[in-house]
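We call the chains A, B, C, D and E, going by the order they appear; numbering starts again at 1 in every chain.
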């Protein structure tokens, strides 16, 4: 269950709208079903009272929207969860928007529910009720099913890296701590496989890719004016995914382009219609960076020098590095 | 109507596969998808596949032709070959309807031979939906999930599969598997139909109507102010387009292999900013325009050209897959509401 | 089942002549490798030209249907395909498919009418086909007026043909203009829309417009001022196209596909379309 | 083309190796190997780049796509970069990239970074001999190939 | 589309012996864009070059591929040939089929096959080549030297000697730097002042040299040949051009309790002061922190005694903007602070001093007029302990010291020990060392004289602790060779403090976009081959700002830097390398990634207004490459996530075309 309520957020927004701090609010709008939540702009309390929603399915990271939002007149209020604030800082580091045009209200987060997992519980979801550590799914046909809330969390929330906000103008509720999570466990599991097993694993996962670009378009690190994959002059332009090479190429290059900049927000895996665990590619880079060059969390502070634009004289050699990334060996 | 008990369903698949390539939905860790049947593949229990069945006729990419160049000379290599007959098993009513929508495009003159080739060699075994999901709204478009179209309609109950041929092709296939099936009076299927229809009543989108849309509504909806809010948080990705069974925009591109040029066709999306971009300019500059195009096409432009047929089959894929949960239902409700007020 | 060619599969065309018209427009003559015209067409129709590996693009066929020997394309350099075409030499093969789109109604609405053609810059290219067609069947049509303008004298397309042939035809009036004064130019100077108003045409004719959007916009206003009705004015549209057969979705505007239902539109028809062209 | 066919018919499999060499050290080192007539297999094809840091990981993927069996990047020794720091960035980029390729199950022996100075003609030849042999043992690159590019 | 000519060289039998050149020529003739292909005995010969020139004319070639020896050999030759025949020299590509083919492969079949592939790669590249023209920028013929120590002085003198104007910016009231504080110099023992002050006078009298003393550089813009520098001239409250340096004010000033920094605080000066007798410029300066007039408005003594009328209490900081073609950094060094070295009791006892303080104690112009007296009580010390490597050569994990060797300490300690024993033979001198490092002309001889002739006790070992007890300093140390602990009752302990770059260097480096190492020493463009140049073009390094140095080394580096500056200022125009990076502004995200990896500071970001495709205007932050500064490494091209950055001559598309051709 989320620690803050919809009412608290609406009151806060109404206050900031009222005193002229902001002229619009970027929030979540309710839809047809419990999980059908859309990011939307609100300009009045009345609109928020009618449609604003906050709950277990408000997973979208709003940071990227600020790139476009801040180009408009006025100041926008945005609610950021701890993990979103990392993306926020990273975008600021890369000069992607004007900090002055955003008012950040940091909100605590107890993990967002995974729609896919909820849907696996019952067919025909009428509604979802959150009772703290249990979640009850009301089915259209099969009655109620109650499950552990923790089991309904996506990987990114199960292995939450931080409950601490690294950027905000104002905080609602208590700030949390950076968490020593098990987020690299899955990566390690893969590292321990044989190359053949790893190849088979990724071949199976990536072959499902339909190149819808959702992972790219949602990624807060992918704010390029023009993506290399859309640019015929880049030499890597492609839009088809029928060929297994192209899927691999797309995902490898995308992961490399965001390496050192990816804050591990997990949006790529959330939006993938084919449930490809794309975050495991990014986490591999993060894990390697931490192991080769010392711990680095993108977005932890504004202006930090990313590991790929930095070096030391005694960095490991590539061969050594590849060897080291299998620390079991 | 023919019947086979579920514990012998593998025999059915084997019998069909002996004659044709057989495709059916199977489970993967990314949801259900169509795969070619082979011993050991199990029919998925999922309501529907993540990707639609349009892939069979309009694949994500396909080679159109090859070119060889030498000096100033060009040679065109026709790489087409006639497809063998194949069977798609377990297609849901919505997806079956989507084939009609696609036919309107690809089989309109001049016909697309690549599409036609596969379409003519296919046999569709449709399946009634046992448990429609909250995202389903096929009834909005007059589709009956309890009685899908197709060469053969199938009903799956707790213990058996019932098959009813709707076309000659279907009847011929049923004939071929006569030895492993038994005749059935159709009562079980009727009972199943009734259950489905009862379930449909409970669906949240059951009452959604497309009455307010149609070919003559361009002026009414094109300039609607609601588009702004609807498209505001659209990421411009192609998820809705690519999982949609009726979206058929494509791009034609050349790939230089180093030994020659392959000209291929691949899915494209009108939601992409590059879609209409040309060197001279860009007619749809904003995501609003692109977003509007997609839904106007489905609800207005397509019906205008196709006797009122909507280019949406209510499968609900975009409802569950859109990264920001924006979808055609919200568009229909939002735009439709505006009109309601006026009435 | 493949005895018939797929509409997407082109034929080979060979470039037999390249004429440099203006600094950025060249006219290419194209025939099949055995020296024939690739296919018959109607005035205003288009064809897809491509160089494998570079790309495919739609161009209006500049030559008249009455020319049964070859086709011509006047092409302005403005993107990667056109840039490549401009770098071609005679003898180069390309691929060609078509014809696409609806032609000008030269055999119905135009018949017996006075015609006014207004073009700016490379906008003359699609009109050249219909002008020459009408000149060929001269007695079917009334008086023909041609207003054509460009940035400078050097930017006038088909200048020699206009001067030596069109201007000499009976019942054909050619009005040329350039944007700014230029040495060696004693003709009219000024923008096309103004020139049209200056010339002050009677409304007893059908007008056909083609040129840059800004020219179209102002000329249209000028024609309305002169009393023309939307149903009397035609134009031809340019949009990104891929398939040419109304399937790929790119040139879809409202319920129309420019490649199939256009590119020739009458302005009252355009008014029914959303403003996305 | 004809030559290639003859080879394919008559000889055993030879790998295709793309070597990116920085202009100042490794390319000069390759020249020195030539001056000293130090033989290495003709499988190695060198592409000259100003600095190893010019090598974009996409070039490596591109080479594999187009049929390369191994890709090696040679640059100045760390600390000796003509541009002071280019090879340090190369080292980081390639460490991460190679580790990623390995993570995807692509044989790690197909990629290598080697520092070869202008004076190390012998090292250049020895490196290429060793790399060719290693890649030859692995056989054809199947895991990062693009079938469309295979004739 | 290009019209390419291919020219295959036999190089006698060097190439033709292993490669079937006719087959190469024939095969490449079929490549896309190739309109002419031939082969010849020696392409680089006059006759060979004529073949190229004639073919360019006859076939209207736009690009050339020469299959020959290494481009490192003849690329320039063939570029000139092409240029002579009227095509851009950068439309030439070389396929190296000698060093990298015929000489390393024995087999004709595989050699020929490889030669063809290398040729195809070159053809593929030329197909995408574009003519390149090197940019030209004018050169401002004036140099700036930052720092007026011996390094800056020498550099300025050498540059001025060549006839170019030079400005020296010195933050202290006088030039002279650390050397002016020294007593004698090793290994010759000349008096530092005797050799330095004439040079200072030379500087003052040289009409090509301007001295901005008591000044700081506050901003540097521009690039090689065209730097715009702002210099802050701090208010000294004395009119520099009026003051005669008579010193009357410095004697009458009632504020007598100002620690004298020139003597490292070991005595006092007045609030108005001239740092030392030979100061250049010899002008008084008022210390605003102590001057009663400036602080309270009550006093004005100096103004009254100044007959020249030079005192100006209302003076303000002034800013001078000046253009320079080259900048020399000579910011020098400082001994590190001893605050963290409590074990040596530096802060507890006045009689624990640093070597530089020792220099002042033995200097005739110092606080004791050159008599070696204990700072605490003014008595002669009889036992002196010198501790080497205080803060030098520390563990990387140690937080208080430096990892590097400060280089000069061994020699000056030997000097101190020797001088002490020479003047005061009754003094016991101990030197504790880790190693004694004396590489340098006459250095080791000097050290040995200290040990052998002067009887200095050199003990290998470290001092563990110094504790003041009464008037004595108890020194606990280990003798590593004898393997025992020593306890020495010393009167004076001298610490050879490590030296570090001046604190002003780091902000200066930022202004200059010059790179620094982790110790804040400036990085040289190449450690071996370009030791006096910074990677930032037009910025040169002189003296200890680049690393610890003794005087002779500093002077020679100063001269070398001057030579480089002169070489630059001699040119009227700088011709750049045309193979430089450039950014596609429409694609640039403004993320600053490229800026961070550029070793030359060639990339800057500007906010620029753009007309967007939707006909709106938007101010966007975009990268711009200064072509005069970019050296063309291409690091930024890979760092750039959006692919906005590309390298001319080695564009991504070109390299990929080569890859494609090779893998075909």
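What we mean here is this: a residue touches a chain if its C-beta (ideal position, glycine included) is under 8 Å from a C-beta of that chain, and two chains touch if they have at least 3 such contacts.
In this text, all values refer to a predicted model and were calculated from it rather than measured experimentally.
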Seminar exercise, completed: Neighbours of chain C that also touch chain B are E
Exercise. What chains do chain A and chain C have as common neighbours?
Worked result: B, E
Problem set entry | Chain whose mean Cα position lies farthest from chain B | E
For this session: Report the chain whose mean Cα position is at the greatest distance from that of chain D.
Result: C
Problem set entry | D-E against B-E, pair bridged by the larger set of C-beta contacts | D-E
Exercise. Can you give the whole-Å distance between the Cα centres of chain C and chain E?
Worked result: 66
Problem set entry | For chain A paired with chain E, centre-to-centre distance based on mean C-alpha positions, whole Å | 45
Problem set entry | Separation of chain C from chain D, taking each centre as the mean of its C-alpha atoms, in whole Å | 53
Problem set entry | Intercentroid distance (Cα basis), chain D paired with chain A, Å | 37
Problem set entry | Two or more partner chains touched - positions in chain D | 57-58, 62, 66-67, 79, 85, 89, 93, 148-149
For this session: Two or more other chains in contact with one residue: find those residues in chain B.
Result: 69, 251, 256, 258-259, 268
Problem set entry | chain C residues counted as touching two or more neighbouring chains | 80, 89
Problem set entry | Each pair of chains that touches, named by its two labels | A-B, A-D, A-E, B-C, B-D, B-E, C-E, D-E
Seminar exercise, completed: In their shared complex, chain A is touched by residues of chain B numbered 28-31, 33, 47, 50-51, 59-62, 131-135, 199, 202-205, 229, 232-233, 235-239, 241-243, 251, 253, 264, 266-269, 272-274, 319-321, 323-326, 329-330
Exercise. What does chain B use to touch chain E in their complex?
Worked result: 69-71, 256, 258-259, 281-282, 285-286
Exercise. Okay, in this complex, where on chain E does chain B touch?
Worked result: 30, 32, 613-614, 660-661, 663-664
Seminar exercise, completed: In the complex, the residues of chain E that touch chain A are 586-593, 596-597, 605, 618, 621, 639, 641-644, 652-653, 656
Exercise. Considering the complex alone, what residue numbers of chain E touch chain D?
Worked result: 70-73, 96, 98-101, 103-107, 109-114, 116-118, 121, 515, 523, 525-528, 535, 579, 597, 599, 631-635, 637-639, 647, 650, 652, 655-656, 658-660, 662-664
